[in-house]
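By letter and in written order, the chains are A, B, C, D and E; residue numbering begins at 1 in each of them.
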Amino acid sequence: MSVLHYRDVGVNFGGVHALHGVSFDVQSGHVVGLIGPNGAGKTTLINVTTGVVAPTTGSVTLDDMPLSGRRQYQIARVGVARTYQNIRLFPRMTAIDNVVVGATRIRHDPDLGAFVFLPSVRRARIELQEHARYLLHRVGVPRDEWDTVASVMPYGSQRRLEIARALAMRPRVLLLDEPAAGMNPAETANLQALIRSIAKEDVAVMLVEHDMPLVMGTCDQVAVLNFGELIATGTPAEVSRDPAVVEAYLGSEALP
Amino acid sequence: MFDQQLANGIFLGAVYALFAVGYTLIFGVLDILNLAHSAIFMASSFVALALVRHGVPFWAAFLAATMFGGALSVVLDRVAFAPLRARGVGGGALGPLISSIAFGIIVVSVMRGIFGPDEIGYPSGSVPTANLHLGHASFTAMDLSVLLVSLVMMILLSLLLKATPLGRAIRAVAENTKAASLLGINVEHTIGLTFLIAGALGAAAGILIGAQFNAVGILMGQRIELKGLAVIILGGMGSIPGAVLGGFLLGLLEVFSVAYLSSSYRDAIAFAVMFLILIVRPSGLLGKRAGRTA
Amino acid sequence: MSAALLHVDGIHSGYGRIEVLHGISLEVREGELVSIVGANGAGKTTFLLTLSGLVRTRSGSAVLDGKRLSGLRPHAIVARGLIQVPEGRLILAQMSIEENLQLGAARTPAAERRAAIDSMYERFPVLGERRVLPAGSLSGGEQQMLAIARGLLARPRLLLLDEPSMGLAPKLVDAIFSIIAEVRATGTAVLLVEQNARKALALADRAYVLERGRITLSGTGSELLHQPAVVEAYLGSHA
Amino acid sequence: MRNITRVLIATAALGGTLAAATGAGLAASHPDLKWTAIFDSTGPAGAYGTSQKNALELAAADIDAGKIESGGQKISIDIQDSATSPAQVINIMQSAFGNGTSLIVGPTLSSEAFKADPLAVKANVPVMGVSNTANGITEMGPCVFRNSLSEAQIVPDVIEAAKKSWHVKTAAIIYGDDDQFTKADYTIFNADLPKAGVKVVDVETFHKGDVDFKAQLTKIKEAKPDVIVYGALYAEGAKLLDQARQVGLHGHEIGGNGFNSPQIIALAGKAADGVIVGAAWYAGAETNGNAAFVKNYTAKYSKSPDQFAAQAYAGAQIAAAAVKKSHPADAAGMCSALKQVGSVQTVIGPFKFASTRDADAHGFVVQIKNGTFSKFE
Amino acid sequence: MEWLVHFYALHSKLIDQVGINAIFALSLSITLQAGHLALANAAFGGIAAYVASLLSIARGWPLSVTTLIGAAAAALVGAAVGWPVTRLRGVYLAIATIGFGEIALIVENNLSITGGAEGLSQIPNQTTTWKIYLVLAVLAFIFWRLRRTRAGWAIAAVREDEHAAASFGIDPTRVKFWTFVASAAIAGVAGSLYAHENFFIAPGDWGFSRMVDILVYCVIGGAASPWGAMLGAGIISLLPEVFRFLHDYRDIVNGVVLLAVVIFAPQGLAGLWARDRRGRKATPPGAAEAQGS
């Protein structure tokens, strides 16, 4: 049951091919790793998916709904959530507030209710905060940091908070851009379990990551980009044996 | 009448261009809207006048007050902008806008304390007042000097930016401070020199305009500050040729709106053009940056 | 050859509350090409930025030619002869190629400047052909050449190269590496940071492997080239 | 809880500032008779307010020294700066009421008077306007007085004089359309010129702070009027005269109220020669004590007094005369004393209030000649 | 109690001014809360003040009705202007709105219905202290409750990071547009109250210097906090009274205070407590900014 389809996606930045003819699918319940050397086009692909960058060619569809051509916020509203390579939390909001904002679009309680102290609104808010606490707990942000403003939280907590905020949207697709950057091995191991458990809830997860053990241990499928082109797809084991992939990462030994 | 109005427009445009060049330089380099520029403009004008009144010849007073303006501008940078820069506050933020307003308030009130609230003029005979004629148009020697000086300053500044090591350093800082640092450019020093140049240009504008209209007053910066904004938006924020082009365009536009429409709406036309440019083409006529959100 | 040109001792640095480097020590000797390899996020770029003074050194020291660099402002470090060609090249796209080179040569005596720049045009004819064009009009590989040429014009005692092959097609990568080899051949010491580990190691006199802000391995280039631990640092133990 | 703390801190901070703001006022003692003058010594109208402030300081010293007679009554005059901010005029006024002030002198601008005088009316404290020229000032209340002539009282004389001496048939008006004084010049001239049979052939405007008027003046030149009427304050006025010469205008000229300032001569120099101005006062006026006033003022402040200064000084003379005559003890007494003051000899000439509490006086038509104002013949 | 009555009698106008300025500050605060700098509040206040005053002079309608109509007129103009300008970024938005303010002034100076520069006098004095503070209380209540609504979250998110907000389904352009319109409406309320407080209005009441005053209230108090904005309005409105003894040098002190706040307390006075409450734990100075950017 595939969810997210990339068909012949290409992006041109002033004559430079950032992406070229990329096609693959991401199924719900699966984690697809997107790897490749720096500058290979991984973040560009995420930006195309979320509407930050418009593809020059090809299309991205969610089920049968074309995403290309929609604005960023519209794509978010159909259930595509993301985290950022350079953490982009709401820096002066507390951890809980960050998560609550993530849920802004899925709330349906009437806004005006807040002004007349409508009990249902109050309940909804309490539920929302409960849910935020649950999510923070789930991603592993320590309890004593829940009421801290995001900008002063430890780095690893910020990374986890980004995931919690994305989950608050109840996404159908979750794009994680280097979630393990700056984490230590123990934290990375927890992250692996978390990503697996998210996928289990029928979310299609795309993981961009340089931490190979994490990618290999977490993903059902791996797609490898190099110079904007998809050079390999397959299971982690298949991909890591692929000479083209090893070459892409380590380069060839031959000197000119 | 057309000849005279054309001349009026060109000379008025020169005034605007002269003011706007330094204003736009700071924006081009630092992305900062420097609302204290008009205070430096005014203060230097007073300094020149005070020197002339103490018997200093006009040209010497001009040089000294220009240097004063440059120095005051460096002080402005050190006091109002450098601390914010050190904290990583960007040009688009509220901080530099307010701190420049605050610095402007301080300069204006100090000058009022020293020189009083009255407008004062140059002692007769200390500045050239000859009336000149060209075809059907008449104008004064000071009009002509302002025009020449604004053209010369624009050319010199363009040459400085284009062809000297300092100019290259300024443009490198404007484009990317990190790259500039790695090229061995002392970024803070270069920013200081940029303020020195911008301040000297603003000062020269203030001194010449004060002499041209034979009136130096505390409030002389206020009106031209907003007009100057219209000029740099019209020309493209950060663009030196744009400021000059914008200045002359606005001068002509205003004069011909008086001549053929109504003088009541002269300023409205200036600001309406600015408003429209922002909406249709925020980068102005010659600017490179886009002002719109992605 | 025995005296260290650059001596780095226990440098800690990072951004805000995050410490990225946890005590880096290494050496580069006169005329040597030293590579630092390691996965993304290991701290390679942070290390170079710390050497250049753009990231503050929290503790430890870097000494070039017997003079302490840590604590100096970036332009002063450049003046001491430590020149960096940064990641992403950071050419000044709106300025012409000639102007970019002029900026690089700003510390060369005026009399020699012209000749120095012309020699770069000879070495990189593609730059000479387009000297009046904005640098932003060059392709990625050409921009990298411009960045290296600009760095060389600053007459480095030590040239730092950060990922010079990043984002370049294989043919261009080869071209860049042959330029690096030429630079070394002229006697300029080079500290090369690369993710293209195999090429970097093959070229290097000596190399260090950086993992999570620490040096985990060091040795001659050819020693490290065939160590499984190096591959592991990149692809993990599955490979 | 957080919010409560916030509110508490905010209240404390506000309260502290408020206490500091008002403390000084509450502690002041009450002298025999206290007047409060409110002028704009800083702010956009600072040039006028400073003259008023100087003149009133001089008047206060003269009352103390007995040179202005107050029947032996001690009067303290508190001169406050409103920085051309109506909000501050209002605040100064309200604190003054609490301090037992018996007369408000000022404020400088009519726009401030319109906002602040109603408070004095409510508090039954009399107001003496010494520079307000707009219509409707004294109509605000039964104790609002002014000794400044409105434009309407001066302009007809000026037009009459111009017609008689110059035989003008057409006129052009240029005025500042964003200023009360200058807009009033326009309104009155534009109404009175046709009444006197003079056709208005062109009307141009400018804005406060403008420096270049050549476009408008060139257009006026095109219309070939017999006389140009300037509705401008001195700063723009001097530039207007200067630039009129530059574009080749050398005909007859009339200046509005704002032209009655030595500054215009100082700035415009010879370009000002020949302009006639309707004035409530001029330095050469042969009125009672004027020569001494001009001499003392010039000695004390190293610049000549202007109309603002003279009217402020005259205001003090009138109020002192009222004190001398009726010995008022409080604000109510001061109001009725002013109503009964009768005719007073002042530096602006013999003065009495009309039943509307406006000045019942005539101005002078003066001409700028050789760098000074003199009577227009 | 008697002291209070006496105090009020002496300072009622000052108290009213503080309240009206606080409403002006709130009107700017809402756009600042959404992270954009629009500088047309004085102009919107003026538009509403003219509309409301002309109605109350001509028809004798009560303050509540004229104020609502005036605020609606300001909001309408705000919507027409806001549609194009809220797409501009940073300083360009500021300049466009300054330009709009100047145009509004020129129009007011040239219309005959506004009385031009001679102003509009004899406006019924219907504003009273309790009405001002009732409005202020209602607005404070709305701002307080707003933090609990989706709209409130969206505003805060756009301020903190426009791009990240969009990736959670919030349309930044829409948020900026509606905060701009709301800002115009609130400024309109303040303008109408001002007109009916002061008997008289003229175009000069709504110029750039008034806009700078409003901006200063918010900056001193704390740009992104409604409480800070109100506090700032209170302190700055009282500052001239506090420093009256400095006479002609008062402005210098005002300038220095403003500069000091921008440089040493960039989050304003409200930011000073916020930092005490949360941030001081372990942050080295500057860490928050370095990381946030």
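Just so it is clear, a contact is a pair of C-beta atoms (placed from the backbone, for glycine too) under 8 Å apart; a residue touches a chain by one contact, two chains touch by 3 or more.
All of these numbers come straight from a predicted model, not from anything done at the bench.
K.L.:
Counting hops between chains that touch, how far apart are subunit B and subunit E?
P.N.:
So the least number of steps between the two chains is 1.
K.L.:
With contacts counted as defined, which of the two, D-E or A-C, has more C-beta pairs across the interface?
P.N.:
Top pair by contacting C-beta pairs is D-E.
K.L.:
Distance from the CA centroid of subunit C to that of subunit E, rounded to the nearest Å?
P.N.:
52
K.L.:
Calculate how many whole Å lie between the centre of subunit B and the centre of subunit C, each centre taken as the average of the chain's C-alpha atoms.
P.N.:
42
K.L.:
Subunit A to subunit D: how many Å between their CA centres?
P.N.:
71
K.L.:
Counting only Cα atoms for the centres, state how far subunit A is from subunit B in Å.
P.N.:
About 49 Å, centre to centre.
K.L.:
If I count partner chains per residue in subunit E, which residues reach a count of at least 2?
P.N.:
Residues 106, 109-110, 172, 248, 250-251, 282-283, 286-288, 290-291 of subunit E touch two or more partner chains.
K.L.:
Provide the list of subunit B residues touching at least two other chains, using ranges where the numbers run on.
P.N.:
Within subunit B, residues 109, 112, 264, 267 contact more than one other chain.
K.L.:
Can you list every residue of subunit A that touches 2 or more other chains, as numbers and ranges?
P.N.:
Subunit A, residues with two or more chain partners: 152.
K.L.:
Name, in rising order, each residue of subunit D that touches subunit B in their complex.
P.N.:
41-42, 44, 46-47, 49-50, 177, 204-212, 214-216, 218-219, 221-222, 234-235, 238-239, 242, 245-248, 263, 266-267, 269
K.L.:
Along subunit B, where are the residues that touch subunit E in the complex?
P.N.:
Touching subunit E from subunit B are residues 31, 33, 79-80, 83-84, 87-95, 97-99, 101-106, 108-110, 112-113, 226, 229-230, 233, 237, 264-265, 267-268, 271-272, 274-275, 278-279, 282, 291-293.
K.L.:
Subunit A touches which residues of subunit C in the complex?
P.N.:
Counting only subunit C, the residues touching subunit A are 17-18, 39-41, 139-140, 163, 165-167, 169-170, 173-175, 177-178, 181, 195-200, 202-203, 212, 225, 231, 234-239.
K.L.:
Would you mind writing out the residues of subunit D in touch with subunit E in their complex?
P.N.:
So the residues of subunit D in touch with subunit E come to 2-3, 5-7, 9-10, 13-14, 17-18, 20-22, 24-26, 41-42, 80-81, 83, 85-88, 90-91, 93-95, 97-98, 111, 114-115, 118-119, 134, 136, 176-180, 182-184, 187, 207.
K.L.:
Quick one: which bits of subunit E touch subunit A in the complex? Just the residue numbers, please.
P.N.:
Its residues touching subunit A are 141-142, 145-146, 148-151, 153-154, 156-157, 160-161, 163-172, 224, 278-279, 281-283, 287-288, 291-292.
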